[in-house]
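Chain naming follows the written order as A, B, C and D, and within any one chain the residues start at number 1.
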Amino acid sequence: MKKFINDPKQFVPEMLHGLALANPDTLRYVPEYNLIHRADAPNDNKVTIIQGSGSGHEPAHVMTVGRGMLDAACPGDVFAAPPMDYIYETTKLMSSPKGVLLLVNNYTGDRMAFDMAQELSEADGVKVRTLFIDDDVSVQDSTYTVGRRGVAGNFFVMKAVGAASENGADLDELMRIGEKVNSVTRTMGLALTACTPPSKGSPLFELGEDEIEVGVGIHGEPGRRRDKWAPANELVEELLEAVVSDLPFASGDRVALMINGLGGTPISELYLLYGIAHDKLTERGITVGRNYVGEYCTSLDMAGASLTLVKLDDEIEALLAAPAEIAIRVF
Amino acid sequence: MSAESSPSPSGDLAVAEFVVRVIAETCVENEKYFCDLDSVVGDGDFGYSLARGFEQVLEHWQDFDRTDASTFILKIATAITSRIGGTSGPIWGTGFLRVGMTLKANPAITASDVVAALRSGVEGIKKRGNSDVGDKTLIDALVPAIDAFERAADAGTEASDALRAMATAARSAAEATSAMQAKRGRASYSGERSIGSPDAGAVAVAVLAERLADTWPSRPTV
Amino acid sequence: MKKFINDPKQFVPEMLHGLALANPDTLRYVPEYNLIHRADAPNDNKVTIIQGSGSGHEPAHVMTVGRGMLDAACPGDVFAAPPMDYIYETTKLMSSPKGVLLLVNNYTGDRMAFDMAQELSEADGVKVRTLFIDDDVSVQDSTYTVGRRGVAGNFFVMKAVGAASENGADLDELMRIGEKVNSVTRTMGLALTACTPPSKGSPLFELGEDEIEVGVGIHGEPGRRRDKWAPANELVEELLEAVVSDLPFASGDRVALMINGLGGTPISELYLLYGIAHDKLTERGITVGRNYVGEYCTSLDMAGASLTLVKLDDEIEALLAAPAEIAIRVF
Amino acid sequence: MSAESSPSPSGDLAVAEFVVRVIAETCVENEKYFCDLDSVVGDGDFGYSLARGFEQVLEHWQDFDRTDASTFILKIATAITSRIGGTSGPIWGTGFLRVGMTLKANPAITASDVVAALRSGVEGIKKRGNSDVGDKTLIDALVPAIDAFERAADAGTEASDALRAMATAARSAAEATSAMQAKRGRASYSGERSIGSPDAGAVAVAVLAERLADTWPSRPTV
């Protein structure tokens, strides 16, 4: 394993330390709970929005804390839901009279930790609601799972409820918006290489020089199937078909299109994929109203990409277009 | 904790300390092995999560309230729940919590109290994880292991032999999970590809039960 | 080679096609010359700023075209300076009465192509000046080279002249500013893995499982030396020492600090590096006035990072802080 | 283009067409080999750049102005300069440009005119690249190759033998670049590590000269 790292056990704290140092005006860091929060949170006039989940998906979610997005993030270690404690303490520290909204990607570990923390916080008198995100269409047979996984589509839920909460929406309204966005968001990803978690020190799975993993999870969970590498045109067609046919999206729809890099894929390739996907949507009569190209929800150093579509209506499009500010910036 | 006698509260505490310590040390020692098991169709962090959590338990070993065995286990449960991330924090934390709570209701601990406590721990895990026997999780090793322990205890077997019976049952049940398709946890996303390798949590239960059986004779006695 | 690609020969055009589709309001694409330009360029009241260089360094430079940054970019193929033609035609299409400023990273091929294009454009009556950027401190013995290479530090020159040109600065003033920024900018990089150019299809060099390349170039040119992997603290110390001692930067200085990812390194690791570098500068009495963490000038899919310092004064800091807009955005 | 006779303008054109075509085809065929040579201490794109440029030349083969040999070469030079990126575009473009310009000044082309044109090409490259013999570039193969050709031509050797002498000199000069440290181009950044492998441009010159010598007998004659 060749990473920029000192001690695998300190990987997450050291990253958070750097993130806090790089954003002294806007972010605060509470090391005990891996907590990154807005310097101005909690705010009595605003529902607090918190996301946990494991680390290794950066910028999600610690780097998407900021005005119009999350108020706080309390990640667990790499690919591990945060200990219940982190969520409970974060909820208490960040509690607002308007309430707390917990955003949770739909995984067993995350659900359990957030459920427990919610129970405890409510016992303390905090108003808490939890929103589960499950946009991944690669998981087909849900009788054998706890349902779909939450992957890169969580960005859109975060963005929408973040914008609405800046406008003063209450907890019920945020739940409505978040559930609505989640219900029209679909994602499918594929990996060209496996990722290497720092504590494991070797790739999570072995892919041959000409193999890809279709429908891979963002924790390196194997996907729908292993397949042969194919040209970008074919891979985009496969991702797009899986996503479009699932909602389904139809001719005449207006969508947001995201090409999300999984960590090791250069942005040049992501734009190449974007061009193909945009053209293919146009052929299907689907209009791209907003687009997103870059890294939103990664899987450490995995080479790969996911494609997300969100069906837009006026309300969603306005929320996505609202201004926001986060740690990831260029200037 | 022999099958017949009901030991003194301080004896129960010593047993609880011994058992928890063996579990904690075994998890720390097997970090890499447990991670490797979780890598096959999971995300490879099972051993890491347990090791980090039980390291904390060992580090603060002297600080846990030792009023009695059940209090001690409840404090351990809280530490596990707070410090272990991933699925294992809530699962193992809930298990220890239910064990501690059940024992609290039965201050004079007998072998059947232990069985009741363990069963209650398993029920807690099932509820927490929305899971059951057959889902290819640690439950599939725990349930047959407790059954074996209960049978042995009911037959009046010595504790060390009851533990050995438990370990043997856990091991074969863990191995049997290879043939199962995962219905819970990250492994479930890989569908039929989860068949062919054992569940990491189930194997961990077997390893722990074996270690308990091995070390039982060397426990400090009060 | 596993990349998202159709045909290596179409890699750059297909990427540019995607980039243009993703930015219909702000960017225009002229396929003949790999030209990406602002929709509102050329502007008679503003010096036009153009950067060429090879592709494979994205977001540099096609994705940094926008208000307050570049007016146009006309990249060559991967790691190859643009054919003279592209530069000449771009200069003509984008020429402004206030003149054209060509930004060129200091490499033989780029210098020659830009020199020739400048000569031809001047013969056509276009006012052209060329600014060479050479921030890489890893090239030590300049009698054996054409001098230092231009690497990630080019971002600061672009940003400063981009901001000044928005304020109406003339060509001489932009040359003064650009040369000044370049003269106080220093960079040093290292690679954990080699990159794989699409046309070659295999890594440019072989690094062992525990080897790193110190002072690597952004085209995969070998660096100062091959060394053993070391913990992040030590690697940062090496990069920082090379950079700090070169200008030199001294206690009491105020700097901009950039941790630039080379393409395959996840942002989590970049923030980890940032935290270490920030702390080490603080120890040396050097204040970080502005910071930059992310991918600015990459080397395809290379895992690695570079560290850049810019000595700030009031003028430079104000130019770096000025607003700007480019294709790489999150929202 | 034999050493004695001064062939007709149309004969010159045919020779120019033949030579350019051999160069173009050889560069296209050797794309991968030339890239590999450039990978050792360069950036691996030398063959790719040449191949893409000369592909264009071959694709538009019929479109180049064929008024005379020098015009033809000048048009080729423009195409190379416009279409080849990297260092090689300006370098090769300048070389062809100077060759064409020098031939233009000497309408009745003799062997010594060819030598003068080639020398002028090399001077152009040196000026463009701020480089010279000893910098470990294609110049280190070109100069000895032209010297050998000149010696042979001066001695009245047949063109095919003069070309063979040129090829032999180019090959051994290209091989000799292995011992040199690069002072120009990307290879120079790797300092002493550039020693031990030949320069990609120099090897390309050797390959081209050899191919010219090999194919010369099969050239179409007017």
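Quick note on the criterion: a residue touches a chain if its C-beta (ideal position, glycine included) is under 8 Å from a C-beta of that chain, and two chains touch if they have at least 3 such contacts.
All of these numbers come straight from a predicted model, not from anything done at the bench.
Chain grouping by touching, computed with subunit A excluded: B | C, D.
With centres taken as mean Cα positions, subunit D sits 77 Å from subunit B. Here the spacing of subunit A and subunit B, counted between their Cα centres, is 33 Å. Averaged C-alpha coordinates put the centre of subunit B at 56 Å from the centre of subunit C. Annotation for subunit D: no residues touch 2 or more other chains. Shown for subunit C are the residues that touch two or more other chains, of which there are none. The touch graph of the protein chains shown is a line.
Per the contact rule defined earlier, chains pair up in contact as A-B, A-C, C-D.
Residues 2-7, 11, 14-19, 21-22, 55-56, 58-59, 63, 159, 192-193, 209-210, 212, 229, 231-233, 235, 263-276, 278-279, 291-296, 298, 300-301, 303, 305, 320-321, 323-324, 326, 328-331 of subunit C are the ones that touch subunit A when the two sit in their complex. Subunit D contributes residues 35, 39, 41-45, 48-49, 52-53, 81-91, 93, 128-130, 181-191, 193 to its touches with subunit C in the complex. Those residues of subunit C lying in contact with subunit D across their complex are 9, 54, 76-85, 107-109, 112-113, 116, 138-141, 143-146, 149, 197, 199-200, 204-205, 217, 219-224.
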